[in-house]
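Below, subunit A partners subunit B and then partners subunit C, in two separate complexes.
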Partner chain A sequence: MTPNAPNVLDDAPNAPDARIPPEPAAGEPAVPVLRAEGLVRHFALARTRLWRPAPRLRAVDGVSLAIAAGESLGVVGESGSGKSTLARLVMALETPSAGEVEILGRNVHRLGRTALRRWRRHFQMVFQDPYGSLDPRQPVRRIVAEPLQALGETARAARDEAVAEVLLSVGLRPGDMAKYPHEFSGGQRQRIAIARALITRPALIVADEPVSALDVSVQAQVLNLMQDLRQRFHLAYLFISHDLAVVRYVSDRVAVMYRGRIVEMAPTEALYRAPAHPYALALLRRPAAAGPAMGDAELSDDMPGQAGCAYAARCPFAQARCRLEAPGLRDLGQGRQAACHFAEQIIAEGAETAHRLAEKRDRTAGPPESG
Partner chain B sequence: MTPARASTIPGMSLGRGLRHPSLCIGAVLTLALVVMALLSLVWTPWPPDGIDIPHRLLSPGAHHWLGTDQFGRDVLSMVMAGAQTSLMVGVLAVAIGIGLGVLLGASAAALGGICEEALMRLTDFTFAFPAILTAIMLAAIIGPGTLTVVFAIGIFNVPVFARLTRGAAKAVWARDYILAARAAGKGRFAITIEHVLPNIMAPILVQGTIQFATAILAEAALSYLGLGTMPPQPSWGRMLFEAQTFLFTAPRLAVFPGVAIALAVLGLNLLGDGLRDLADPRLRRRR
Partner chain C sequence: MALLEVEDLRVTLPTARGPAAALRGVSFSLEAGEALGLVGESGSGKSLTALALLGLLPEGAAVGGHIRFAGRDLLALPERELCRLRGNRIAMIFQEPMTALNPLQTIGRQIAEPLRLHRALSRSAAADEAIRLLGRVGLKPAAGRARAYPHQLSGGQRQRAMIAMALACAPDLLVADEPTTALDVTVARQSLDLMAALAAESGMALLLISHDLGIIAETTRRMLVMYGGQVVESGPTAAVFAALAHPYTRGLFAARPRLDGMPGRLPTIPGSVPDLADLPPGCPFAGRCALAIAACTAAEPPAVDIGPGHQARCIRLDQQPPAGDPVAGGPA
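So, the complex of A and B:
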């Protein structure tokens, strides 16, 4: 345990201050809400040859990131890029093959079962599908109160009070408590899911594609709600999406993932103005490339031991050097990092592209030609 | 604020149930069986074991509505009292099946991996023995009797429910709300109790009614073979066996318990079918 970590574990479960996200006292260095270091998660695939070792899918392959209190980090990438696995590793729903995840200074994969259960108060999750993530046989009261109940706060009156409060803060009525999920629309269901994540007053909410299952008109409402809540409760978000517009709206910084690695990390506006990695550039030019329809091919052609940049085969800027030498994530200044040998050139190229795109959008006010 | 209590199975309501013909018929027949069994506990026209040799093999008439058997016992009273045996065997055998089967199936689904394999292979092993064979084995060990039948059919039911439960539970375990519960800090046991079991109640109840019918049929068969219920306890299967001798002189002795068995099994099967239709979300809209 880090000595600076606020010792919330030992608080009485019902003590009111246990709900407040711990903040470092003045003078102490700020503990990041989330710090991931060298996260790796391999999956064994089905054996293709009897005498060869089973191929491994490197879903997450050395990801390091940090999120400060109240900060929102967006993660984008096509499906199969390891975004969801990253979310599950952060949520301690899966065990990393290597690396560590610290939430408020505590390595969640090292905590004992009870300690982890208690620590989960500080990090909650919102899932993609609001139809699948709420138990159809439970009333809203139980769904929303479940994280509290798991913490051992079993006094029903107190729980109902907390449920009513969070329902109000997500724009639902306390009277909705007695209803069942099927009585709500998709957007309302996602509000219920958000209320559930809020009820323990976490410091971090991991949102895995929280709006991609919703109608476009409803997406905006839910995103606005998430922005409001973030300011009100000083929440940090790890916001995962394949939709660049959505990520741009909610994130302070964006991490672009490709094949289990972060290939670029930059402040949101800098990235959207001029990405430094060709893959990020491709995503901006062709947003559909990140969509859920793609990716199966990407999943299967994992080649272990391949030298050079993983993106070289798809990269229009690839040089001989790219196929020989894998670029590491390097600092480009102004808080941005990219894993590309030619990041500086790409930024210049990207600025031009972004400019052209913006012009075109203004002219046609329609969707880009490639769907 | 009292929550509107949801019915046990979503989409099941009395109104819709009444509009479902096979459910209706099944429910009426099953109810008749239960009423008959309960009534026989307090009242039968004659004592079901009252031997009255002078009045043996009477045809149906005013005194003995369904006539008497070779010992002069009242057939209607015996059929009524036989319903007790059938019902008891059905309830206990299904209870054993659901109790152990759901425990095994839900544990297998919750544990996964090698534990799951081991548990399911164990149930396969049990499944390999037909109920009749198990009953013969049990009868050889503990002697014939109603309990033998209950255990034999109960053991036979365990793998049926174990497989059903495991399959349904695995489907539930793959749902996002389970992941959400894990992210909230719930353990496997709590998740099984709070999320998995409530979501698989419907198929288990449906299978329960159908296994109930099978149990009644199996009890009759085993009693007919002399492995089950022993006299003087009345049993439909036993009555069939005893009527065999008089099949040509007094066929009604076989017909009445036969009809009772057929109606009871038919009723439970219709009830099960109706419940399955109601619980099936694809059919729910249309009804």
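So, the complex of A and C:
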């Protein structure tokens, strides 16, 4: 779609009722809760030289994925790899430069304002920063009820009841309703944010680093809570974290992002047992071996045609071919995809080879041969 | 004399349900060049302790006790003098980067400003120094990032910009409140290495608040564990990791998600933190402690010595399972 597609679906008279997720007809495959196709988001950066066009940064660079009802997809990747941008695109908080997002079968970037607001009951977000996302002037009662109000449900008694119930389910007290965000610690605020996301009983929750601000014992409670809620309400998650240990507890599948792209997507256990992409391997086997962060997905104006694999400069397996030919995301069977020419070998002999090569490279500082 | 001495720090906050005793007699000291770790339950008062050091407590807070920094009692200083210390001799990395950054100014400008103010650098020298610092925290290309506004950065990039800003004036004391929560292991380590290098070079002291026990183990020699507004355990980091003396410390260590762990449910500490406005008498952990007995709620447990420089506030320390318990694990 084009970024500013006309709002043809804006409150179309025959639009399905926004409250009821479409039930698949018997025999038909279920509509995925989320389907993203070819998502791209570019940002123009500040000009560094007067006579050259402003460099562009590809924060998200061609991401496709789908999440089924009740399924949890984890997204990991280093700082600046595009995780939050992906989350905002999925949530229709930002317009893609290309590509589309469907929530329960509807393209959210084509919904008009009112229709989108109503459709939001099906997909809610928990942000990375619980401070910026809670209005400091509103009491918890209003903050948590806000998505209901946006749907036009305003009977106060019913709302308060719903708020009390959802606060209890995230481990807060109904008595907290009258308090303001500043009266809570960081961890308590994140629970408020989760309560707010839950109150419309959505089908999908996009959670951007929902536990990274929490101390470990509260982190564990929130992770367990998210698991419980998922079972109770048949929720699907897009769960973003830079912490691989955290992602493992809540994900059926994991997508690994590097510089705006998915470089590996696999069932959680398969990925943690034997990753297929060298970056995933480095993250898992020896966190320090992922190497110094390379800055971020910056691109200068003259780089779009850059050949080869984006990970080549840090990859212990890199060979001549890698610098000439960019690997696409390939199907490896068993629900696995990876963007690496040597994915099969890396699954088979990953850990051993990686250690040997990394050590060899540390010694010689030159590009090693692959095993 | 220690660079920083905190003695019996007490903070009471007004709330809708009456005054809340948020800090209840926190004491510790910090030498120049030393890194002290602070861990504890969410809501236990870690951020308030940090804010108290900078004189930035919320409005209406009543403060008692002493905070001596380089021989001066900060609680007795007029706001004007405190202001001069902040950003120059004492710097803070805030837990919430977005509220600490000015959304209308470029990152480069926000780092350069205090350099001009406190170190009297020229405009261009300050701008160059800002770019150098951004490079050191791994924000690349640094010159381009210096021109970005906070909303143009990712969460981790903002956090690194804050780190650069706090380090700009080479403070004597850096209070870092969860400085690496948004960062993956490699970038977190890089940022902490930078802080450690500065501590070694310039004798900067570091108070590091983090829920990441791995980071505490790698960065600090001494640590404090807080619960319910009190320091419930304190001592050399290695000793705390080895002994896990206080029941809360044990629960905390058992709860951490691990890469090699089995998926499934994570162990947690049952129950939730007590309401500070309505604290039960005695040990604040009693409501959640498996070892609690009647005596625990009769009086506040005193700090008991359990090793060199190692103390814990619990009356049943003799009941602890032996060190090396399989659920606990030691420093990485």
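Rule of thumb we're sticking to: the second predicted complex is superposed on the first by the 308 of 371 C-alpha atoms of A that agree within 3 Å, B and C clash if a C-alpha of one lies under 4 Å from a C-alpha of the other, contacts with A are read in each partner's own complex, and residues count from 1 in each chain.
In the analysis below, a contact is a pair of C-beta atoms (placed from the backbone, for glycine too) under 8 Å apart; a residue touches a chain by one contact, two chains touch by 3 or more.
Remember, it's a predicted structure, so these values are computed and weren't measured experimentally.
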Which superposed partner A:Val216 touches (first subunit B, second subunit C, both, neither): second
First, second, both or neither for A:Arg141, with subunit B first and subunit C second: first
First, second, both or neither for A:Ala178, with subunit B first and subunit C second: both
First, second, both or neither for A:Glu37, with subunit B first and subunit C second: neither
Which superposed partner A:Ala46 touches (first subunit B, second subunit C, both, neither): second
Subunit B versus subunit C, judged by how many residues of subunit A each one touches: C
First, second, both or neither for A:Glu94, with subunit B first and subunit C second: neither
Overlap of subunit C and subunit B interfaces on subunit A (superposed complexes): 128-129, 132, 175, 178-179, 182
Residue numbers on subunit A that touch subunit C, as the complex places them: 43, 45-46, 48, 55, 77-80, 83-85, 128-129, 131-132, 171, 173, 175, 178-179, 182-188, 208-209, 212-221, 223-224, 227, 242-246, 248-249, 268-269, 272, 283-284, 287-288, 290-296, 298
In the complex with subunit B, residue positions of subunit A that touch it: 91, 93, 113, 116-118, 120, 124-125, 127-129, 132-139, 141, 146-147, 150-151, 175, 177-180, 182, 193, 196
Residue ranges of subunit C touching subunit A (in the complex, touch as defined): 13, 15-17, 39-44, 47, 58, 95-99, 138-141, 143-144, 147-148, 152, 154-157, 160, 178, 181-187, 189-190, 211, 213, 251-252, 255-259, 261, 263-269, 272, 275
Complex contacts: residues of subunit B adjacent to subunit A: 1-4, 6, 10, 175-177, 179-187, 190, 194-195, 198-199
